[in-house]
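Structures given as structure tokens follow.
Two complexes come next, and they have one chain in common, chain A, joined by chain B in the first and chain C in the second.
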Partner chain A sequence: MSSVPRFWRNLGSRYNLEGTRCNECGESYYPPRNVCVNCRRVGQIKPYKFKGTGEIISYTLIHTAAEGFEGQAPYTLAIIQLDEGPRLTSQVVGTPEKIHIGMRVRSVFRKLGEDGERGMIYYGTKFVPENA
Partner chain B sequence: MTIGIVSYGAYVPRYRIKIEEIARLWGDNAEALKNGLMVYEKSVPDIDEDAATIAVEAARYAMARSGVDPERIGAVYTGSESHPYAVKPTSTIIAQAIGATPNMTAADFEFACKAGTAAVQACMGLVGSGMIDLGMAIGADVAQGAPGDALEYTAAAGGVACIIGRKESELAAIIEGTYSFTTDTPDFWRREGMPYPEHGGRFTGEPGYFKHVTNAAKGLLEKLGTKPEDYDYAVFHQPNGKFPSKVAKTLGFTKAQITPGLVVPKIGNTYSGSCLMGIAATLDQAKPGDRIFATAFGSGAGSDAFSITVTDRIEEIRNKAPKVSELIKDPIYIDYARYARHKGKIRLA
Partner chain C sequence: MRDVAIIGVKNTKFGELWERSLRDIVVEAGIGAIEDADVSGKEINALYVGNMSGGRFIDQEHIGALIADYSGLSKNLHVPATRVEAACASGGLALRQAIMAVASGYSDIVVAAGAEKMTDVGSEEASSALAAAADREWEGMAGATFPGLYAMIARLHMHRYGTTSEQLAEVAVKNHRNGRLNPIAQYKNLITVDQVLNSIMVADPLHIFDCSPITDGASALVLAPADVAHKYTDTPIYIRATAQASDTIALHDRRDITTLDAATVAAKRAYSMAKVGPEDIDLAEVHDCFTIAEICAIEDLGFAEKGKGGIVTANGETAIGGRIPVNTSGGLKACGHPVGATGIKQAVEIVTQLRGEAGKRQVEGAEYGMTHNIGGSGATAVVHIFSRER
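For the complex of A and B:
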């Protein structure tokens, strides 16, 4: 798992889907970018909190989980396109058989992992089917 | 000064286990248990849910329902007996997740099943004194019951968040008064480092639940000069269906008054969320002007009673977040093996 300071630095993005948006061209960024790739130095980058809704672009079912995630297998890992545009990779909670490409999803607050029994617990955003 | 509930939000995990399934494993009589407890199934957290994630979901629904600026929240107090950390507040996680940080105070509360209402009272004090503008009080738990213990049939998961304020135009319900009754009664406890609580069996009934709930309720009725028939609804801490039904009858409340808030048969005992869940389910359907009498109980032991009057504002906010009835419909039933995995009862090497 990640180090404590590294996780802490990204709390806003992980908890609340905080990214950035360029007020010049309207492009949104997640994770946040400090410079707009379209507008470069004339860009007007501002903090932006994503609504947390989007759809599944692609997904895979993880049976052989990475270290620290064994207890959660099998679980769905998906590329989700947020309604504002950016794509991110996240777990989709719920019955794996019901998940499909194009499915509408919304963000929820869940435990992402933990550093064993003594370490820190990592919280953040996952997704569930929109009507769940 | 008028103090009350600006908004509320509830959350119940999607998974359920039936009493029959738990009884099957331990060779108990499911019908006798269901009749005795008046509980038919209980909520089970997902693998990645704990008291903090449940509290965040409830808190976010409370924020969505009210539409208040999170920076106005001056305190977040979370009551639970299953805080994920022994040292490190759950409340800071919630405050960060609703965008209330950093100009605020926070702390975790613990008083068995009434930690959530203790947090409500603390917020009432801070709001009433003018120290803060709005306060958020939460009761959330992923309750523990040892395998094979009687508690396992009811120990459930869920949470409720209330935003407490004093601006009259913002109040969805006015809290007219609160009264507490507290003694040192060892009816239920969990020692440091122990995974499951211990309890005094039948001792939890008369000297615990009934004595405290009855005295707090009577104390508040006397203080306010009200009678049970002055209320449209009543909510009592619901460790099972039997206790609140019995105490309501003793105090002179009717079955019709307690039925809307009696959610325990379908979701089990959500501990710190229990009484607040009953209040939330009642607010989901109460009309402006309706009066609600509520009494929480926490082992150890104490009771907090509240007298609440619903305002016109309830109609404006009610449908902006899921109602308790919507949260508990369409459950996913799991067997004991999956339940054991979700609850961490199976220790992986």
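For the complex of A and C:
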């Protein structure tokens, strides 16, 4: 990662699940988009905050970690569909064996990764089982 | 638009080529293709080169100029050279640019090349460079890796259609069997389903033997207007369709993560342009960056019903001698995957097969061949159809 501004400029979205919604067609976007894929130029894009609940569409247990995530391996990565519609990629915290497709989850604020021992620590959204 | 033919081809050896640089391998491929076509440097109107990440892999940009220079096309001839980038689909896209240049009449003799030098950096750095083909901010920063993204495709495919790890492994087993017959292949060893299943887990359910390797290699083609192709060669191979489509950069935004819509759309456009259907294709080179990717590919291209890709593979229908041989070169899995070169290498394999020069891996009587080259987890797809007869 190793770019402070690149992470910092999206803190609202990364910490609080702030995305966008098109008031023209009603489609909501997370990660946020400034152009509606349905309405394009006539779309009315406004900020929109998601509740943070949804379900797992698919998942994997990553053994060979991405750069900056080495200390966390193995970790569960999932595509999650928020109840408002959009899908996102996030880690799921919890016993890997219990995670399954269709599982209900909710968002939590967690440490995401770090740039080595002396670098920046990244915080953001992960998901846990809804009843946890 | 003019019909376009391929009049010369060349692959370098694929593998860990420690002693050779990017410019060394791409010049070997380029000169080889030019010799195969028997054209002179003075006849070449343009050069297109697919290269994904010279900046990350060898700390070198401006790859088009570098390659034209070291191919002897710059200082005296000043041939225009253009680098084309679409992650792992860079090669396929370079071929498409070259075809359009000739078809439009803007250029006559054009070289389409692809090259990647991946082993000048360690495997962690190489993996990080490859991860840049996904959405860095909204996939990469969450901890996604490329095997991780394809693992999620595999997981849902298994859940929905009953595809098994054994069926995924059969893709790797077949492609190693084919690679053994290809002199340029990175891996020529036979492997078994058990070996795949017992290899280390990278991203569950994908083992390391479900993944294509890190490879150095270069490939090149020479294109000409079909009307003059016979001046250069007795066996021109004709481009019947070139098609490309885009989809969302992030896997999570796709309509369905077990179907690559970009591939289905590109294939539909290609079939329509060539006026043929999947049943007319005699062999295909598809983008098996992971075993699950080949399963999806044969479904997306219409060679298998949706969800049946695993069964079709396990039945041997995609083996040489089967109903529709797939990845006779060994594919990305066994022949190797120098990312920018792959799309061109696929075309070189199809040309070699349609000329009847593929030796022990020859598909007898092949008339139509197809290539399927994917960028990222499916945000770019390029599909080409080739034929022996015009």
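Note that in this section the second predicted complex is superposed on the first by the 131 of 132 C-alpha atoms of A that agree within 3 Å, B and C clash if a C-alpha of one lies under 4 Å from a C-alpha of the other, contacts with A are read in each partner's own complex, and residues count from 1 in each chain.
One rule holds for everything that comes next: a residue touches a chain if its C-beta (ideal position, glycine included) is under 8 Å from a C-beta of that chain, and two chains touch if they have at least 3 such contacts.
Since this is a predicted model, take the numbers as computed values, not measurements.
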item	value
Fit-or-clash call for chain B and chain C when the two complexes are aligned on chain A	fit
First (chain B), second (chain C), both or neither touched by A:39	neither
Touched partner set for A:72, first chain B, second chain C, both or neither	both
Touching partner for A:63 - first (chain B), second (chain C), both, neither	second
First (chain B), second (chain C), both or neither touched by A:93	first
Angle at the Cα centre of chain A, taken between the Cα centres of chain B and chain C once the superposition is applied, in steps of 10 degrees	150
First (chain B), second (chain C), both or neither touched by A:121	first
First, second, both or neither for A:108, with chain B first and chain C second	first
Partner touching more residues of chain A, whether chain B or chain C	C
Minimum C-alpha separation between chain B and chain C after superposing on chain A, in Å	13
Doubly contacted residues of chain A, that is, touched by chain B and again by chain C	72, 91, 112
Contacting residues of chain A [partner chain C, same complex]	1, 6-7, 10, 31, 57-67, 69, 72, 75, 77-80, 86-91, 101, 112-113, 122, 124
Chain A-touching residues of chain C, taken from the complex the two chains share	124, 127-128, 131, 137-145, 147-148, 151-153, 155-156, 159, 200-206, 250-253, 257
Footprint of chain A on chain B - complex, ascending	14, 46-50, 52-53, 56-57, 60, 84-85, 93, 96-97, 99, 332, 341, 348
Touching residues on chain A, where the partner in the complex is chain B	11, 15-16, 49, 70-72, 91, 93, 95, 108-112, 121, 123, 126, 132
